[in-house]
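Across the two complexes that follow, subunit A remains constant while its partner is subunit B and subsequently subunit C.
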Partner chain A sequence: MDFYNLSSAVELRRSQLAVGSPELINSKISMHDHTLFSRVGFRGRGVASFLREQGISVPNVPNQSVVTAAGVLVLRLSNTEFWLIDTDKSQHEFIEALELASKGVTNVYRLYCQHSHGCFLVKGKNTPNMFAKVCGVDLSEKVFECSSIAQTSVARVNAIIAKQVILDEEGYFVLSDIAGSQHLWNAISDASAEFN
Partner chain B sequence: MRGYNRLPNSTGLFINPEKPVNFTFEGKTYQGVEGDTIASALIANDQWLMSRSFKYHRPRGPLTMAGQDANTLVQLENEPNVLADRSSIVNDMNVLGQNYNGSLEHDKDDKLGYAGRFMPVGFYYRAFYKPKGVWDKWEPVIRKKAGLGYADLSFTPTYHDKAYLFCDLAVIGAGPAGLAAALKAADAGANVLLVDENPIIGGALTYHRFDIPGKKAQSLREELTEKVLNHANIQTLTNATCNAWFADNYLPVIQGNRMYKVRAKQCVIASGAFEQHVVFRNNDVPGVVMSSAAMRLMSQYAVKPGNKAVVLTGNDDGYYCALELAKNGVDVSLIIDMRKEGASSELQSAVASIGLEVRLNSTVYEALPSSDKKHLSGVMVHDISGKGSVSQKGVKVDCDLLCMSSGYMPVYQLLCQAGAKLSYNDDSALFSLTNLPDNCQIAGSVNGIHDLDAVVRDGELAAHYSLLSLGLETVEPQPVHCKVKTNFEWPIFKHPKGKDFVDFDEDLQAKDIVNATRLGYRDIQLVKRFSTVGMGPSQGRHSALPTARLVADATNRTVTETGVTTARPPFVPEKLANIAGRIFNPHKYTPMHKRHLELGAHMIPAGVWRRPAYYGSPAERDDVIQRESVMVRNAVGMIDVSTLGGLEVRGPDAAEFVNRIYTFAFLKQPVGKTRYAVLTNEQGVVIDDGVACRIEDDHYYITATTSGVDAVYREMTKWNAQWRLDVDIANVTSAFSAVNVAGPLSRKVLEKVCSDVDLSNEGFPYLGYREGTIQGVPVRLLRVGFVGELGYEIHMPSLFGETLWDLLMEAGKEFDMKPFGVETQRLLRLEKGHIIVSQDTDGMSHPGELSLDWAISRKKPFFIGNRSVDIVMAREQTRKLVGFKLDAKSSRPKEGHIVLASNTQVDCAITGNVTSSEFSTTLNANIGMAFVGINQQEIGSKFPIRVDNGELVMAEVVPLPFYDVDNARQEVL
Partner chain C sequence: MKIMNCPLNGPRNISEFVYGGEVKPMPDMVNCSDKEWAEYVFYYDNTIRIVQEWWFHSPSGYWFIAERHTASDEILKTYDPSEIFKERVDFEMKAKPAQEVVS
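So, the complex of A and B:
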């Protein structure tokens, strides 16, 4: 059968969030819904070399991330699992090309993170304090350094938290089951309220 | 200043005298100031009576002014048992007393004190159990009298939450030891969390006097406070209580409506010490307080605690208290020192220099209440003639305030929870705590150190050991020694008339403890349970030590041998709201959720998902379901099946893997075809089912039940950890949304939106799998027949779910297609005789009793549970899942109703239960599935079902499916 292109029909994607103002919680913490931004994931023993062959630098160890010059966030979630995320909605073609290039590559299995996970970007000085209300991992400034990834539970749902500097500003990408994204959005909004 | 008992020359560390606060107590309006507790504001207004005691309804006032006793429990409008000496006043607060009959001032039950002789220790254990049945008569009376306060059941819950806090070092207690420890650790680079229950840090430095001039505490507090509050490495939590110590320094700290879950690498517990009372007659009369309570009132709240005071002490601290009282204008009539030798010469000179009289080797033998019994009017002072005994004659001293200080008990609770051993030195009457875990240190008065300079050094020493464990540089301070003796050996003076209270919470007198030992309860734990000593709100803060002493004395043992009672979490009462916090209830929505709501769906939970049960009002449930089912049977309908589990198995060994996991044969499954997949566990029980689609030779897409997919995924990954097959397994449940377009017109709907797939019966036959696009969106198409009609499951990446729902609904308009819900689907599949795993199966269901033999491959060497399946199916069978039918007018059985072996024998066996049941318009009958006895399965036979109200209905066993036996409906051309 033909390769099933998960990156196609980008204009027909719709977020599942039903929020009045999806871009801002308050003056101290902002949260942006990046669910519709392009991303792709790969798993397998051949992924690291596949990505390098595509000219992409990858973190040397799991639970670390790097940002490419073009603004693609590369997460290494395990020795063999990598996710690539377009951080400013400008890299769709690159992501799609990468997905298509993986077809037939031995030990490279495409993952479905574009559609399986919601993606939020949370920013603001009090973000670690906010996370302390919903997450059991210490995400404070000194402990959770930039480029770190925590695969943990947030408000009782599994989530990946990646801290990275995007456009000179530090932020936390939160990726979690897309079906529970409304719950997570509400929980983070609620936890952020006191920092206004 | 608000309240006429305010000190003119003191501002009070906790209060803001510029901000008045009005509140009521027992209906009368009082004025305090911001920062006042209820108790301090009331005492400022000369209102000492705040509660009635639990058993004898004796008048009670504050004892400690630190929330360490039950004497100040009051009732707020929507909260009982609030500590008046810990709870701050706010404007318009209404406060009431508790546990009285009539009014607080005139409690009709105060006469119970006269009946004390008829209520000896443990009387309720011995009084109400015979004759048989008498308890039933007593219980309502006792229950009415028992308990404190009332709960407002109309109370609107308030917002409570939790937060994690991480630190290198948690210091519990911000007294001089805690402050010194925090500073030393923070200076060395540690990230420190400092926790204290008071509104400002300083601990004893905020009220205690440590030297004759009375300057040392203030200067040290100001110095340490400034450093701590300005230190970048120290986070301070005030008004916060560390309520327990759990393994690895997991510390629940409650601050207001929030519980912090503190994770500390190291912990220093500098929790201080509880001042202890003296046991003598009427030691509970309002106006009899701890010395520290009087000093707290003066220093923290600028309240003058009395006009004419007597100090009863067994250590030097009583003298300091007397000096402080005199400084604040209180007439100190007498210092009664229980010791023979008295205080140091410097202290003796200091009190003498201001004209204070000291009487050595003496004690208060009885406190004398005023005529209305609500306040102290004087004390009877006797010479001490021996251990616990006094001279016959005493002298009366008039006073309205008695300050007691017999010594200190370490605040050992958290430390003992950490595993520390509490020991008592019978010679020095001092406690020590040893055997602490490596990640926990002790400092200050809880460590038996009372000299202020030594306390500070002890804090630094504890920080030093913590820093060593943290791997941070540190210089070891000098060893700490303290020769200050604080505890008087035997501050217990039993009175023949009693009311010499050991435990104020439970009105337990000295004789009660002794009598408990005489009744055979020699062990301290048994004494506790028999007498209830230490079981009240203050949890033995003051009763533990005198109880241990009395039990030791009565049983000819030492306190070391007797021990003290256990101190379990929580340290102070905590609200269930604090434990619950902000509850997170994760739930999942499908991409079409908004559309379902717009269409008026009645949503129901399906595991963590929300699914439409049907589209209409619950009041019209049955009609709506029948309408929706008729629509599917006669035309076309669409259901959101996005909650179906989805799993992908890819790799060279994919077919082998699927073949081992599921019962059917999959090695030769053609690409482009689907196959029913049943999963059994190692016990041979059916635990899930789904459809396996072979996309490529090395690629399977498999559906699973909504509630079972996560477990199936875990099973798959677990098994492959052993098998090491070359596959990748992915749970893609949320990545794909799906709808099922079902009904004779379903192909026509699909043809309108999907042009790149041959949808003809030949091109896309039943059980086929195809991939195509709908307006450019890639979709997976499964030709299925779950509801018994021509149907297509359309699986699409989730971000397109709503878009494709809209497209399909638009395409279906021409055919009057509408959505149908999960309850309608359950009816339709029931008509078709399809089981739902976990609804029509249970934890014992093997394939044989579910008639799934056909879905098991006997030719392959292995699948999970194959051996067990053979064994359980070879056994003598006891039950069978069958289809049943009842007349439309018959009472309809409900799921769970029991199947009986006989409709005539009253005590017959239960042979099974109904698993599915619904009325079918299509069949004009009540239909269902049920487990029945193995002898009840014959087609055409009848079996009894006990339905609501005990009615028996006779159901007929019928062959499955009920509908479309020849499967012609799903082959519509």
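So, the complex of A and C:
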């Protein structure tokens, strides 16, 4: 087998998280588990031009994101690394087709972010205040603008935080190693508890 | 708490970084002696001066170069490796002819 499609068998994915309810936490902060939503990453000097050829607009500088009209979040994590994330579980076919289209393209290499990372969406007015308890980077409204990405440590685990507006609502996507995602879910739940 | 400026991500807590050794010119890996290679991989001068070092920002998987004073531990400058390394280095080795195992 020379090419295995990492986006395949979407219906067989199972979350390892014991989250109780898919939504949390209180009236001021909610958290949603997007771990099973499709996503794909690419790294390489040819990725930016490859994505543009596929009709996807990409941020011009690292640590910025854009969201397509169809609801795919495009993260630029470095000059040569991009992740594309389905935000409403409707873009699986698009992401699968994109992954297949990358086959054989020069200087485009796939990344295994579907199975390596957990993904949460955290929303609510007090979310920046909650993150101030668990994250050293200032994510407050005035400093951390919409479309920004912070790659840093959250509750002692490495995480990517991407702030973006999805369906007219501002939210923070949190991606971190799948092995630590239960801890991170619990830590964010715990940090959010006081903002009721 | 120490803060280091990551060229990609900005100022970050020092606990997010991993040390990766001194930046040194690599000897010809095919023709150099074992001693030369060992000196390149393992040995450092350990003198008081400003050293160029590899550092890794773990949350973003990003390698960069920092200039640090070995006595004061002050980090003077950090920058992307592309400022020094302009060309890709390949490690292709010529395959050696297989040797027969004599039992």
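The rule we apply is simple: the second predicted complex is superposed on the first by the 195 of 196 C-alpha atoms of A that agree within 3 Å, B and C clash if a C-alpha of one lies under 4 Å from a C-alpha of the other, contacts with A are read in each partner's own complex, and residues count from 1 in each chain.
The rule is short, and it goes like this: a contact is a pair of C-beta atoms (placed from the backbone, for glycine too) under 8 Å apart; a residue touches a chain by one contact, two chains touch by 3 or more.
Since the model is a prediction, treat every value here as computed from it, not as a measurement.
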Subunit B versus subunit C as contact partner of A:87, first or second or both or neither: neither
Contacts of A:150 with subunit B and subunit C, given as first, second, both or neither: second
Partner chain(s) touched by A:38 [first = subunit B, second = subunit C, both, neither]: neither
Which of subunit B and subunit C A:136 touches, first, second, both or neither: both
Contacts of A:160 with subunit B and subunit C, given as first, second, both or neither: second
Contact breadth on subunit A, by residue count: subunit C or subunit B: B
First (subunit B), second (subunit C), both or neither touched by A:78: second
Partner chain(s) touched by A:64 [first = subunit B, second = subunit C, both, neither]: neither
Partner chain in contact with A:102 - subunit B first, subunit C second, else both or neither: neither
Overlapping contact positions on subunit A, where the subunit C interface meets the subunit B interface: 136
Touching residues (chain side subunit B, partner subunit A) in the complex: 161-166, 191, 261, 263, 582, 584-591, 593-594, 608-609, 642, 648, 650-651, 671-672, 695-696, 728, 730, 732-736, 771, 773, 775-778, 780, 797-803
Complex contact set, residues of subunit A against subunit B: 1-2, 4-6, 8-9, 12-16, 18, 35-36, 43-44, 109, 111-117, 129, 132-136, 138, 140, 142-143, 155-157, 177-180, 182-183, 187, 190-191
Subunit C to subunit A touching residues, read off their complex: 8-9, 12-13, 15-16, 57-60, 62
For the subunit A and subunit C complex, residues of the former touching the latter: 62-63, 77-78, 136-137, 150-153, 158-160
